[in-house]
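Note that the chains take the letters A, B, C and D in the order they are written out, and that residue 1 is the start of every chain.
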Amino acid sequence: MSTLETSLQTSAEPLGRNELAQLVARDIAPGSFVNLGIGQPTLVSNYLTEEQNITLHTENGMLGMGPEAVGEQIDGDLINAGKIPVTELPGASYFHHADSFAIMRGGHLDICVLGAFQVSAGGDLANWHTGAPDAIPAVGGAMDLATGAKDVFVMMTLLTRDGVSKLVEQCTYPLTGVGCVTRVYTDKAVFLTGPDGVTVRETFGCTFEELQALVPLPLKPAVS
Amino acid sequence: MSTLETSLQTSAEPLGRNELAQLVARDIAPGSFVNLGIGQPTLVSNYLTEEQNITLHTENGMLGMGPEAVGEQIDGDLINAGKIPVTELPGASYFHHADSFAIMRGGHLDICVLGAFQVSAGGDLANWHTGAPDAIPAVGGAMDLATGAKDVFVMMTLLTRDGVSKLVEQCTYPLTGVGCVTRVYTDKAVFLTGPDGVTVRETFGCTFEELQALVPLPLKPAVS
Amino acid sequence: MLQFIDTVGEAVAGIKDGSTVMIGGFGNAGQPFELIDALLDSGATDLTVVNNNAGQGDQGLALLIKEGRVRKMICSFPRQSDSWHFDAKFKAGEIELELVPQGNLAERIRAAGAGIGGFFTPTGYGTMLAEGKETRFLDGKWQVFETPIHADVALIKALKADGKGNLVYRKTARNFGPIMAAAAKHSIVQVSEIVPVGALDPENIVTPGIYVNSIVRVASAGIAEKVA
Amino acid sequence: MLQFIDTVGEAVAGIKDGSTVMIGGFGNAGQPFELIDALLDSGATDLTVVNNNAGQGDQGLALLIKEGRVRKMICSFPRQSDSWHFDAKFKAGEIELELVPQGNLAERIRAAGAGIGGFFTPTGYGTMLAEGKETRFLDGKWQVFETPIHADVALIKALKADGKGNLVYRKTARNFGPIMAAAAKHSIVQVSEIVPVGALDPENIVTPGIYVNSIVRVASAGIAEKVA
């Protein structure tokens, strides 16, 4: 286990939502073009630094999206994909919906960050539909984001409220995309998913062995 | 033949290129969006009136094309599909090549006017390639224009230099488009092509019978 | 032939029962509320409506749904906190839903305007939204066959039109307007301002007038709405 | 990552033998002559070139062809009164030609940038350019299956770039630039002017910077050439 001890990062406590967002933000390479999904992923924008020079895309037709609008900045014609009023940064551009989704679908975004119900060992993503028979399905741009970005990062709690792992061998919820997720950021660990299985990059408030006990699929510790 | 004599227009002389262009121009409905092919069809623009309010499209990325540029107007960044410097009319717009061809291919142009080697009874068009084994083929936008416009008007001399009709039962030259031509304007007659065969709308310098003798397929005189 | 029309009522008067109507807008941005209200007043029914959402609150498309005018919704995101009219109709089995991933929705609308009879896209592959659809392995990925969405009419909101029908939009209110204008047989556009021919820079026109049939000026349209 | 590069030579230095290179321009309008000259000087060979034409006169792409650097041309209109270098190579069997209707060329380039794996279009149906291609009856018409054209590099001429790589073009020199920038893995753009971030109106940007990798200022580029 010596490689484990030298390579696998750990912290004493599980991460809160903001700490996790901060971690994701730090992992985004300078100059990247990024789409942040609705909900928890939006928090990432609070931790991007000016030096990183990240350009945010919103699928309703804009590159160069700025922070949420407040007070006099609020403009009903300038919203993000979550329909929240936002601002425009210098160097922004607007385009229509087909051009906007071509940016995603054509593989031009470096990273998109999404929430999830479940992620499978092979990187399958389920984040749009509970599959409950009376639920009204609504997919929005989730499938395009999952399929189109070069890297798909997922942010989620590792466990459901009932203590069941959302990182699973096979998704039981309806899929959003097949084999699309490359990293999973959770309160308890960061996982790298890929054809070789699931690797743990770091753990938060638990050891590798404690983490393995929570997740019903074989994990590998990262080696440097 | 009484319907023939009352409905079929005639003139004493065959039409010259400019008279034919004038006739085509007169037949274009007010407010139309039109693409004029390279060569003889370009002459049509000389006879469009301001009252007609015709908007000309050039497939290299412009609506609202004006007349050929002269003198100080000449600008290498403003050319038509024949690579001739042209001018911009008020209300013009520029767009990229895919958007420009979407205008044609999506069926938004009312009329395009093209030259032809041959037109068949069923409206097949051959205008891009002689099929000669040593010829270098070059198609440009001909197939898109032929296939996309709501109406395709052809302008050509009825006969080759060797006196052979270019209006034929079946094209022998390689096709540009299948069943796309709706009208054929020639020096000797105007033909309407369609699923019901070929109708003669007017003759120039010949009778219907003389015209029929020149064309190797059954013609019908127009009835009002 | 381009027409400038005085009232939204006259602008939508020709929309027939059973029509497929595209309605621009993403959320409230770019949504042509006045044209939708006029469509409601017109009494047209048995409509298929194409919009990203399925109405919000008690206005616009939501009312059209509430009043039972919409037979079928083609959209990507019908379920919202305030989509109660759609929710009720859907649960009662009184409205049909074709749920389309948003990028497929946009691309299918674009295909209709661009004369594309169908296309393969990776989006949706392996999901329940691709069930029963043809798939093919292309460019190293499994892809799904999708077909164009045509419409009889599009209702669109833009910022300005010139006398040739050329349009410009404002910020993210542009969204579906340009592609719907191209996809529909007849495009009806509400604008806040009509400017003379030549007043818009030809380099900056977003929707060329060839895609526009009817224009009506609506005083408030396109002016930034302040959201509480 | 966007780079501003001092010389056209450095800008094209990474283009490898065997690359597929898209070159913008229709006729001389929008043709990035300085980048093409630099590509010629770089010695890169065995290229597949995508351009509407196959070179004119004794400049630009025509010289690249003359020097035997182009293995294959993908274009719509190779035969012109002054395309003698292409003509000679073609007749000698020394260059391969994929002839594509101009609209298919544009749509196939657009498809590559937009993540479309293939599409059906009526253009070319029943002609020798569709021989051997899959056909399907869609939307009431016979259509032909066409596939995207991807490229390693695009050489493009625009009017202005801002510090984020956003581009605007000039008149009909826009032509293939925007779609080629999106279709190529690496886009190299020559502009006449580089302006500060924020100097271009976000409503009027034609190519967003996400599609641009390298920018080089070329003094003459984008300035209206006076044609004799």
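As a convention for this text, a residue touches a chain if its C-beta (ideal position, glycine included) is under 8 Å from a C-beta of that chain, and two chains touch if they have at least 3 such contacts.
Source: prediction; values computed, not measured.
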- Message: For chain C versus chain D, what separation do you get between their C-alpha means, in angstrom?
- Response: 33
- Item | Centroid spacing, where centroids are CA-atom means, of chain A and chain B in whole angstrom | 56
- Query: Just curious, how far off is chain D from chain A if you go by their C-alpha centres, in Å?
  - Reply: 35
- Counting only residues that touch at least 2 other chains, which ones in chain B make the list? 62, 88, 94-95, 98, 101-102, 104-105, 148
- What positions in chain C touch 2 or more of the other chains? 107, 114-116, 121-122, 169-171, 202-203, 206
- Graph class of chain-chain contacts, one of line, ring, star, complete, other: other
- Message: For this structure, enumerate the chain pairs that meet the touch criterion.
- Response: A-C, A-D, B-C, B-D, C-D
- Given the complex with chain B, which residues does chain C contribute to the contact? 1-2, 112-116, 162-164, 166, 182, 197-198, 200, 202-203, 205, 208-211
- Quick one: in the complex, what on chain A touches chain C? 58-62, 74-80, 83, 85, 88, 94-98, 100-102, 104-105, 124, 129, 134-144, 147-148, 174-178
- In their shared complex, at which residues does chain C touch chain A? 26-30, 76-80, 86-87, 90-91, 97, 99-107, 109-110, 121-129, 142, 169-179, 206, 222, 224-227
- Query: Where on chain B is chain C touching in the complex?
  - Reply: 30-31, 33, 55, 57, 62-64, 88, 90-95, 98, 101-109, 148
- Using the touch definition up top, name the residues of chain C that touch chain D in the complex. 107, 111, 114-122, 136, 138-139, 141, 143, 147-148, 150, 168-171, 201-204, 206
